[in-house]
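Which chain is which? They are A, B, C, D and E, in the order written, and residues in each are numbered from 1.
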Amino acid sequence: MLSLIVFLPLAAAAVLAAATQLPDRVARWAWLGVTAVELVLVVLAWAAYSTPAPGALALEEQVQWIPGIGSSYHVGVDGLSLPLVALTNVVFAACAVYALREQNRPRVQAALFCFLQSVSLGLFVSADLILFFLFFDLSIVGMYFVIAGWGHGNAARSAVKFFLYTFLGSLALLLGFIGLYVASDPHTFDMVALAADPPLAGSGAVGALVLGAVLLGLAVKTPTVPFHTWLPPAHTDAPAVGSAVLAAVLLKVGTYGFVRIGMPMLPDAWRSWAGVLVVVGVVSVLYGAMVALAQTDLKRMIAYTSVNHMGYVVLAVGAAGVVAGSDAEARAVAVTGAVTQMVSHGLITGALFLLAGVLQDRAGTYDMGAYGGLAAPAPRFATLFAVGAFASLGLPGFSGFIAELQVFAGGIAAVPLTALALPGILVTAALFLRAIRRLLTGPTAGHSTGFADLRPAETWSVAPLLLLALVIGVLPRPLLDVIEPASAAVVDLVGR
Amino acid sequence: MSPALAGAALWLLVMLPAAVGVALALGGRRLDRAAAPVSVLTAGSGLVLAVVVAFARPEVSVPFVAGSPFSLAVDALSAVVVPTVAAVTLLVLVFATGDVRDAPARFHGLMLLFASAVAVTATATTWPTLLLAWEVMGATSYALVGFWWRDDDRVAAGGTAFVTTRAADLGLYLAVGAALAGGAGLAIADAPAASPGWRHALAAGVLVAALGKAAQLPFSFWLSRAMAGPSPVSALLHSAAMVAMGGYLLLRAQPLLAATGWAATTAAWAGALTALVLGAVAAAQRDLKQLLAASTSAQLGFVVLGAGVGAVAGGTAHLVAHAATKALLFLAAGAWLTALGTKSLPALTGVARRWPVAGAAASVGALSLAGVAPLALWATKDEVLAAALKTSPALYVVGLAAAALSAAYAAKVLVLVWRREPAGVEKAWDDEQAGTRHIGWVETGPLLVLAAGAAVLGVLALPPVGDALRSALGEESAPTATLLELAGSALLALVVLAAVMRWGTPEPGWATSWLGLGRVTDAVAVRPVLRLAETLARFDDRVLDRGVDDTATATAAAAARLARVDDARVDGLVTAVARRTRRLGELAQRPQTGQLHEYYLQAAAVLAVGVLLLLVVR
Amino acid sequence: MLDVVAFWVLGIVAVVSGAFVFVVDSMARATYALALSFVAVGAALLLMDLQYVGLITVLMMVMEMAVMAVYMVMFMGMNPALMPMSMVHDNRKALAAAAATFVLLAGGALLVPWPTRRGAPSGDVTAALGEAIMGSKMLVMMTISPVMVATIVAGIVLAAPRGRYDRLGDDLRRRPADDPQPGGVGR
Amino acid sequence: MSLDAVLVVASALFSVGLYGAISQQVVVMVMMGLELMINGVILAAAGFWWFMAPEPTGQVLLLVVIAAMTVEMAMGFAVATVLHRSRSVDMTDMAADLSR
Amino acid sequence: MAAEVRALLPEVLLLLGGLVALVGGSFLPRQRQWVARLVVVAALLGAAAVALVDLLGPAGAAFSGAYAVDGATGAARIVVAAATLLVIGLGVDELAGGRQESETYALLLFSALGAVLLAGADDLLVLAVGFLLASIPLYALIGSARTPAAAEAVMKTYLLGALFGITMLLGVTVLYGVAGDTLYAVLATRLGDAPRAAVAFGLVAVFAGLMFKAGGVPAHFWVPDAAQGAGTTAAAFLTTVPKVGAVVAAYRLVDAMPATVDASLLVGLLAVASMTLGNLAAFAQTDPRRLLGWSTVSQVGYLLVPVAVAGRSDLALPAMLLYLSAYSVTNLAAFAVVAALPERRDLASWAGLAGSRPWLAGALVVSLLGLLGTPPTAVFVGKLTVATAAWDGGAAWLAVAVLLNTLLSLFYYLRWVVPVYRGGEPVERTARGAFSPRPWAAGAAVTAALASVVLGLASGAVWTLLDVPLIR
C-alpha cells in the first residue's frame, strides 16, 4: 500500500520523461490524474490506518536492501507521518491543478513534480535512516531542477545556493546517521530498532555531538535562525508551484526529522540539547516575524513567516525535551501542536505561495508597493489572500490556531520561557495586516489596474488548501486523534 | 425542554450565525440582494434561541485540543448577557439594512460571524474555547472597522484595533499555558484551583487580555481609531459586544482574580481610573463618535471596577444597561452621520430638532448615560460603586468623580443636539461623506426599542429584579447601593448636567487627543518595532546571509594571505563563497606548476614528511 | 680486509663517476660516466658472491649506454662528442633535496639497528636463483615476460612514426611498401 | 665491508641520482639521474641480500630491479622520441603547457 | 601447474586476448580491425565470467602464497574487466579505423592485466612487476594521441612513473632486507620485530609507488595532465582501471603492516590530502576532462579511507570494493559523456545540452551527482559505507573529512550541471542538431549511468558478494 503510494508518481515520472512526443495538454492532465489517484490512495491508507503500538508503525513493509550494513527498505506510518503523507498528496494535487496553465515545458515539469512527490512521500514513510537520507538528497536534487529550470529572476544562483546549503545540511545529517549506526548494537540503520534501543544512551559528549550533527542537518532544512538565509532567495526565484512544494512539503522534512529521529533515537542527548532548541525556537519565531515585517517583497515576506512558523515547531519539540519540572501531558500537547503546525503551515503557506505566483504571472513583480487596492479588480484573489493571511496569522477557525495554541499551551507549561515567543503571534498579525493593506485595500493603483482576477485553475488550487485548513481548524479531532497517540509515544521515548 | 433539545438550541445559537455569516461574507456580490433579509432573519432566530437557552441553561461539549473539550454552557451570568447581545445584534442589523448600502452581503456576513463569536465567548467554559471565540471577535472587528477598504486610513484603523487587542490577547495564550501547567485543567471555572505560581500567571494573562479588549487604560486608544468603521459596527462591537466582552471576561473570572490577592485590586483600580480619565477624555471630544467611544471605555471601567471589587451582579447589570444605552447612542450618531454626512459635534447642533423622534430616543440614552434617575445606568453604576465603597473609599471617590464626568459629557451632547440650528451649519455638513438628509423608520425603529431598554434596564440593579440577579449569581450578601447613595448620585448627575448647560465643558488638549496614547504607542512600540524589523532584515541580508561565505572566507583567509591574494571586499553571498573557495582552489592549483622537477621536489618532500611522521607518531 | 678496501674503492668510483654524469659538459661523457658507475656497482656485487646478477648488471648497462649514445646521435641530432652543454635548473634546490635525502638515507642506514643475518647463502647461489625462478617466484618471472612484450609494443606505438597502413595501404595489400627509404620487410 | 658501508654508498648513489633527476632539464639526462638511483637500489638490495637475508628471493629482487630499469629506459627513449617529434623539444621545462 | 593456471585463468585470458589482438591485428585491414575488438571483448567477458565463478567458489592462494585468489582479487578482476569493456565501448568511435586500433586494444588488456596483478599480489615482487605491467602500456596509450599535449602528458606521466617505480623498488628492497622475504604472509609475522624506522621507510616508499598508480597525493601530478592531454579513451582508462589495482594493493599492504608503525594515520592523512587537493584544484577548471582528472584525485582520497582502517573494521574491505566498482562505473559514465562530445573542451560550451540531448544530459547529471555521492547511485552507498567504516574503525575524523570534502566537490560538479540545465537558452543551442554526440560513446554513457544507479539499488546483493575475508 505505502509502496504503491510512494512509487506510483515515480513510475508516472518515468513515463512522462520518456514520452517525448506527448502533447503538453495530455501531460498536464496526466499529472493531475496521477495526483488525483494519489489522493484516493492516501484516503484509503488513512481508512486502513489504525493506531499502532507505541514505537511501532502501521502499514509496515520491509524488504532487505543492504543487509551487510543493516539497512533495509522499510516503510511504515504512524501518527507523526501519516498526516504529512496526506499533506504531501494534497499539496501536490493543488500544484497539479495550478499548473494546468503552465506553458513552459509542461511535460518535463510534470515529470519532475511526480518525481518530487515520490521522493517527498518516501521521506515521510521511511523507517530506515539510509532510505530517509536517499529521499532527502533526491528531494534537494529535484528541487534544484525545479528552481533552476522554471524559476525567474536570479534562478540559477538561488538554485545553487539552495543546493549548496541544504546539501551541507544533508551531509551533517549523514554524519549523524553514521554515528548512530556505529554506536548501535547490533549495527543497524533501522529507525524502529534504533528508537526501541537508543544507542549512545548515557554516552554524554558523543551522543550530544551526534545529535548536534543531526540537528544541524535538520536545522538547515527547517530552516531555523541562523541557517535560514537560503530560504528567501530560493522562494523568491522559484516558480509558484515550486515555492508551494518547497514550503509546504520539503520544509517539513526538517521538523519531521526532529520528532522522528532526534527525539526517539537520542533521548539523552535530546534532553541536553533541549535548552538550545527552545532558545533557537524562540529566536526563530521572533526573528522570522520581525524580518518578515520589514519585507516589501511579498514572497520574501511569506518566506520569512515560514521561519517564524517553523520556529514554533522547534520551540515545541525543544520544550518537549525539558523533562524536569513538567508533566508528560503538557509536553505531549506541545509535540501534538508541533505536528499539527507542520500540516497547517503546509496547507496555508502553500496556498499563499500559489497566490503570490499569480502576482508574478500577471505583473512580473512581488513588490507589494507596486500594487494597491487589488480587491477591486480581483475580488477572488483578495478574498482568498485575506483568508490565507488570517489563517497564517493563527486566526481561530483555521488549523494554524489549533497548532499554535497547543504549541504555546504545552510549551509554556513545560518551559515558561517559551512565553517569550508570544509576541511572534502579534508581529505576524501586524505584518499580514500590512500586506493586506498594501496589496488589497486602498485606491486601486500601480499594477493593480487591469489585474485579471484568479482563473479557475488558480482558484481551485488555492481554495481547497484553505478549505482544508478551515476544516482542521473547526474540526481538529480527526487529525488530532491520529497525532496524539504518536506524540505521547515520542514524549515517552524522550523521557526515558 | 429536554436537555438534548436545549443543547441543540445552544449549538444552533452558535452555528447558525456562523454558517450564514461565512456564506454571506465569502459569497460576494451575488448574495447582496438576499443578504439583509437573511441576516435579519438569522439574527431574529438568534434572539429566540438566546432566550430559550437563557431559560433552559444547556451545557454542550465536544472533544477539542490539548485534552480539553470545546464546551459551552449557559449559566446565570451568560443567561443575562447572551440575550442582551442577541437583541442588540438584531436591532443593529435591522438598522443596518437601511444604513449600510454597499456590499451588504459582506457586511451582514461579518456581523453574523461576529455575533456567533460573541455567543461562544459568553458561553465558553474552557480556556481554548474562549480563546478561539475571543480571537475571531478581534479578526471580524478588523474586517468590520476596515469595511470601507478603499479608504486606507479605515483599514489602518482596523489594523490598529486588531493588533492592539491581539497584543493583549497574548495574555490569554499565556493563560492557557498556565492553566495547563497549573494542574487544574483547562476549564475556566477550575482556574482558582491552579497551583499558586501558575495561578498568578493565569490571572495576569486574563487581566491583560480583558483590559485590552475592554479598551481600558493603557490600551484605550484603539477604540478611538476604531470609530473609522460604520456606525452599526460601533453600535454592536463597541458597546454591547466586543468591548463589553472584556468586562464580561473579568466578571466571569472574578473568583480567579479574587484568589490571587492582587489581581482583583489591580482590576478595580484599572477600571476606576479608566472610568475617570476616559470620562475626562470624552468630555473634551468634539466628535460625537469619539465622545461615545471614550465614554464606552469609561463605562466599561465601571464594569471592570465591579469585577475587581466583587460586584458581579452590579457589573453585569451595568454591562447590560450600558449595552442598550450605548448601542442606542451609536445608532443615533450613525443615523445622523448618514443623513448629514458628519459626526462633528458643532455640525450636529440642533440635529434633534430636525428629526425629533430620533432625537428624543437619543436623549433618553444620553440621560441614562448621565446617570439621571430613574434611567438605567443610574442604578447599575451605583450598585458597582457601593461595592467599591466597601473595598476602599478611595475607589468610591474616584468612581463618583467618574460618574460626574459621565454626566458632563452626556450633557454636552444633549445641549448641542437640542440647541437651535445656527445659520450656515449646513456648510459643516458632509465632511465625512455625502449625507442623505433622511432618516427612515428602519433606522428609527431600533432607536426606540433601545431607548426603552436604556430607560428601564436599571431594574437589574434595583429590587426585586436586582435581588433575583444577585441570588442567581450567588452574591446575596454582597453590598448593594443604599438609598442615600442612589439619591446622591442622581443629584450629582443633575447638578453636573445643569453646570454643563450653563458653562459647557473644558476641552484640554491632552484629553482631546486621548492622552496622546496613540502617539505614545506609536513612538514607544510601533516605530521601534518597525525600525528593529528593518535593522534585523538588513542584518539578515548583510551579516547572516553573508556569514555562510565568511566561514569559507575565514578558512581561506589564512591561505589567501599566503597566496598574496588581495582581500577584495565581499559583496554577494554565493559569489563571495564561490570566489573564496575558488581562491582556495587557485591555491590548490599552485603546486601544479607544469614543471616536472618541481613535482619531483614536492613528491620527495611529502615522502620525507611521511617517513618522519611515522617515526614520530607511535 | 681486502674486500673492504676493494669495496670502498669500487664504491667511491661508483659515486664519483655518478656525480660526474652531471658535471661533464657533454652527453657522451655523461653516458660513459654512468656506465662506469654501473660497472663499479656490478663489481661490488661480485664481491658479495652475486656472480650472475653482477655480471648481468654490467652487461646490461654497457649495452644500454651504447644504445643511449646511438639514440642521441640518431634522434636528437646531437654530436655527443662535440656538444658541450649545461642545462640545469633549480640547482640549489636540487642540491638541497639530494643532500637531505642523503642525510635521511645514510642516517637511517647507520642508526637503524639492523637485525642479524638470517641463515647463510646456499652453496650455489646461481642455482638457488634458478630454482627460485622456476619455483616459489615463478609468477614474478612469468609476469616479466608480458612486461617485456608490452614494452616492445608500447615503444613501437609511441616511437614509430608510420604504421603498417601507411606502408602497405589500408587493406595491407600494397606491394612494395611505401617507405621513405626503400628496403626492409614487405619490399 | 659492512652493511652500513654498503648502504651509505647506495644512499650516496641514490642521492646523486636524485640530484640529477631534479636538476637536469634534458629528458635523457633526467633518465640518467633515475638510472643512478636504480644503481643505488641495486647496491642496497645486494647489501641486504648478503648481510641480512641471503635467500634466492633477494636475487630475484635484483633481477626485477634490473628488468625494471631496462624497460623503463626503453620507454624513456620512446617518450623522448615522441616528445621530440611532436614538440621539437627535449627539455622538461619547455613542455609545461598542462598546468594548474 | 595446471591448477595454478586454472586459478589464474582470468589473468591468462586477458594476456591471451591481448596477444591475439596484437598479432592478429597486424594482419587485419584497417577497416576490419573490429575483429580484434571482438577478440578483446570476448577475452574480457570470459575473464569476468570466470572471475565471477571463482568469486562464488572458495578462496585460496596460488604460487606459494604470492598471489591471492580471494574476494578482493575477484572483485578487482570483474571491475577491471567491466571497466575495460566500458572503456572500449566509449572509445569505439575514437579508435575504429585508427592506425593502431588493434595495438591499442592489446595495450588496454596488458595494462588491465597489470592492474589485476596489483590487486592480487601477495608478494612485494609480484607487486613491483604488476606495477610495471600496469604502467608501461599506459604510457603508450597516453602518447598515442600524438598531439603536443599528449606528448607532454606522456613525458610527465613517464618521468613521475619512473621515479615512483624506483621509490617502490627501494621500499621493496628495504622491507625485504628487514623481513628476509617478500611474501606478505612473512612480512606480517616478521615486521613486528623489525626496526621501526626501516619498516616505516619501506612502507612509505612502497605506498608512494601505489599512489602513483592510484593517482593520489603525492604522486597525483600526472593525472589531470594525462586526463586532459590524452585521447578520451586513454583518459577514461587511466583514471579508472589502474586505481582499482592500486587501491586493493594498498589495502593488502596496509593490512600486512605491523602495529609498530601507524600506517592508518599516514594513509588517512594522504587520503585527506588527496581529496581536499583534488576538490580544491578542480574548482576553477574549465576543461571538463581536466576537471574530471582532478575529481579522480579526490576520489582516490575517498578510496584510501577504508585502506586507512584496514583490519580495524569489518566494513572496510567490502566498503572499499563497493566504492571501487561504483566509482569505476560512474567515472566512466562521465568520461563517456565527454567522449560523446569530444570537441566541447569548455564547460560553457555545454549550455543547452539538456534541451538538445536529454538522455545524454541525464547521463551526465547522473554521473556527476553520482560522483558527488547522491543516492541512489552506487557511489553514495560507497561513500556511506566508507565513512561508516572509518568511524567504525576509530577514525571518525576521516568520516568528517569525507563529508566535508563532498560538500566542497559539489561546487565544481554543479559548475558543469548548471550550464547544461540552464533555462532560457536560445533555440539554436537547444535544437536537436546543436549537439551531435558520437553514438557508441553516448550509448556507453547512458549504459554506465544506468549501471551506476542499478548498482546502487542492488548494492545489498553486491555487498554480500564482497564481504569475504582477505587471503594473505
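Basically, a residue touches a chain if its C-beta (ideal position, glycine included) is under 8 Å from a C-beta of that chain, and two chains touch if they have at least 3 such contacts.
All of these numbers come straight from a predicted model, not from anything done at the bench.
K.L.:
Give me the step distance from chain A to chain C, shortest route via touching chains only.
P.N.:
Shortest path length, in steps: 2.
K.L.:
Within the chain touch network, how many edges lie on the shortest path between chain A and chain B?
P.N.:
Minimum step count, chain A to chain B: 1.
K.L.:
Could you tell me which chain's Cα centre is nearest to the average position of every protein Cα atom shown?
P.N.:
The most central chain here turns out to be A.
K.L.:
Based on the averaged CA atom positions, which chain is farthest from chain D?
P.N.:
Most remote chain from chain D, centroid-wise, comes out as B.
K.L.:
Looking at CA centres, what chain is most distant from chain C?
P.N.:
B
K.L.:
Give the chain pair, either B-E or B-C, that is connected by more C-beta contacts.
P.N.:
Contact tally favours B-E.
K.L.:
Measuring centre to centre with CA averages, how many angstrom lie between chain D and chain E?
P.N.:
The computed centroid separation for chain D versus chain E comes out at 26 Å.
K.L.:
Just give me the whole-number Å value for how far the CA centre of chain A lies from that of chain D.
P.N.:
64
K.L.:
Between chain A and chain E, what distance separates the C-alpha centroids? Give it in angstrom.
P.N.:
About 42 Å separates the centre of chain A from that of chain E.
K.L.:
Need the CA-centroid distance for the pair chain B / chain D, whole Å please.
P.N.:
Whole-Å distance between the two chain centres: 93.
K.L.:
Name the residues of chain D that each touch 2 or more other chains.
P.N.:
14, 18, 21-23, 30, 47, 52-53, 55, 57, 60, 64, 67, 71, 75, 78-80, 82, 85, 92-93, 96-100
K.L.:
Residues of chain E that touch two or more other chains: which are they?
P.N.:
125, 129, 132, 136, 139-140, 143, 154-156, 159, 163, 177-178, 180, 197, 201, 224-225, 281, 284, 411
K.L.:
Chain A: which residues touch two or more other chains?
P.N.:
Touching at least two other chains: 160, 164.
K.L.:
Chain pairs that touch, all of them, please.
P.N.:
According to the stated criterion, the contacting chain pairs are A-B, A-E, B-C, B-D, B-E, C-D, C-E, D-E.
K.L.:
Using the touch definition up top, name the residues of chain B that touch chain E in the complex.
P.N.:
Against chain E, the touching part of chain B is residues 578, 581-582, 584-589, 591-592, 594, 596, 599-600, 602-603, 606-607, 610-611, 613-615, 617-618.
K.L.:
Spell out the part of chain E that touches chain A in their complex, as residue ranges.
P.N.:
Per the touch definition, chain E meets chain A at residues 315, 318, 358, 369, 374-376, 380-381, 384-385, 387-388, 391-392, 396, 399-400, 403-404, 406-407, 410-411, 414, 418, 421-423, 459-460, 463-464, 467.
K.L.:
Once bound in the complex, which stretches of chain E touch chain C?
P.N.:
Result: residues 15, 18-19, 22, 26-31, 62-64, 66-67, 99-100, 103-104, 106-107, 110-111, 113-114, 117, 123, 125-126, 129-130, 132-133, 136-137, 139-140, 143-144, 154, 177-178, 180, 193-195, 197-198, 201 of chain E touch chain C.
K.L.:
Flag every residue of chain E that touches chain D in the complex, lowest number first.
P.N.:
Interface residues on chain E, with respect to chain D: 125, 128-129, 132, 136, 139-140, 143, 146-156, 158-159, 161-163, 165-166, 169-170, 172-174, 176-182, 224-225, 228-229, 281, 284.
K.L.:
Would you mind writing out the residues of chain A in touch with chain B in their complex?
P.N.:
Spelled out, the residues of chain A in touch with chain B are 157, 160-161, 164-165, 225-226, 228-229, 287, 290-295, 326-327, 329-330, 333, 336-337, 373, 375-376, 379, 383, 387, 390, 394-397, 401-402, 404-406, 408-414, 416, 418-419, 422-423, 425-427, 429-430, 433-434, 436-437, 440-443, 476-477, 480.
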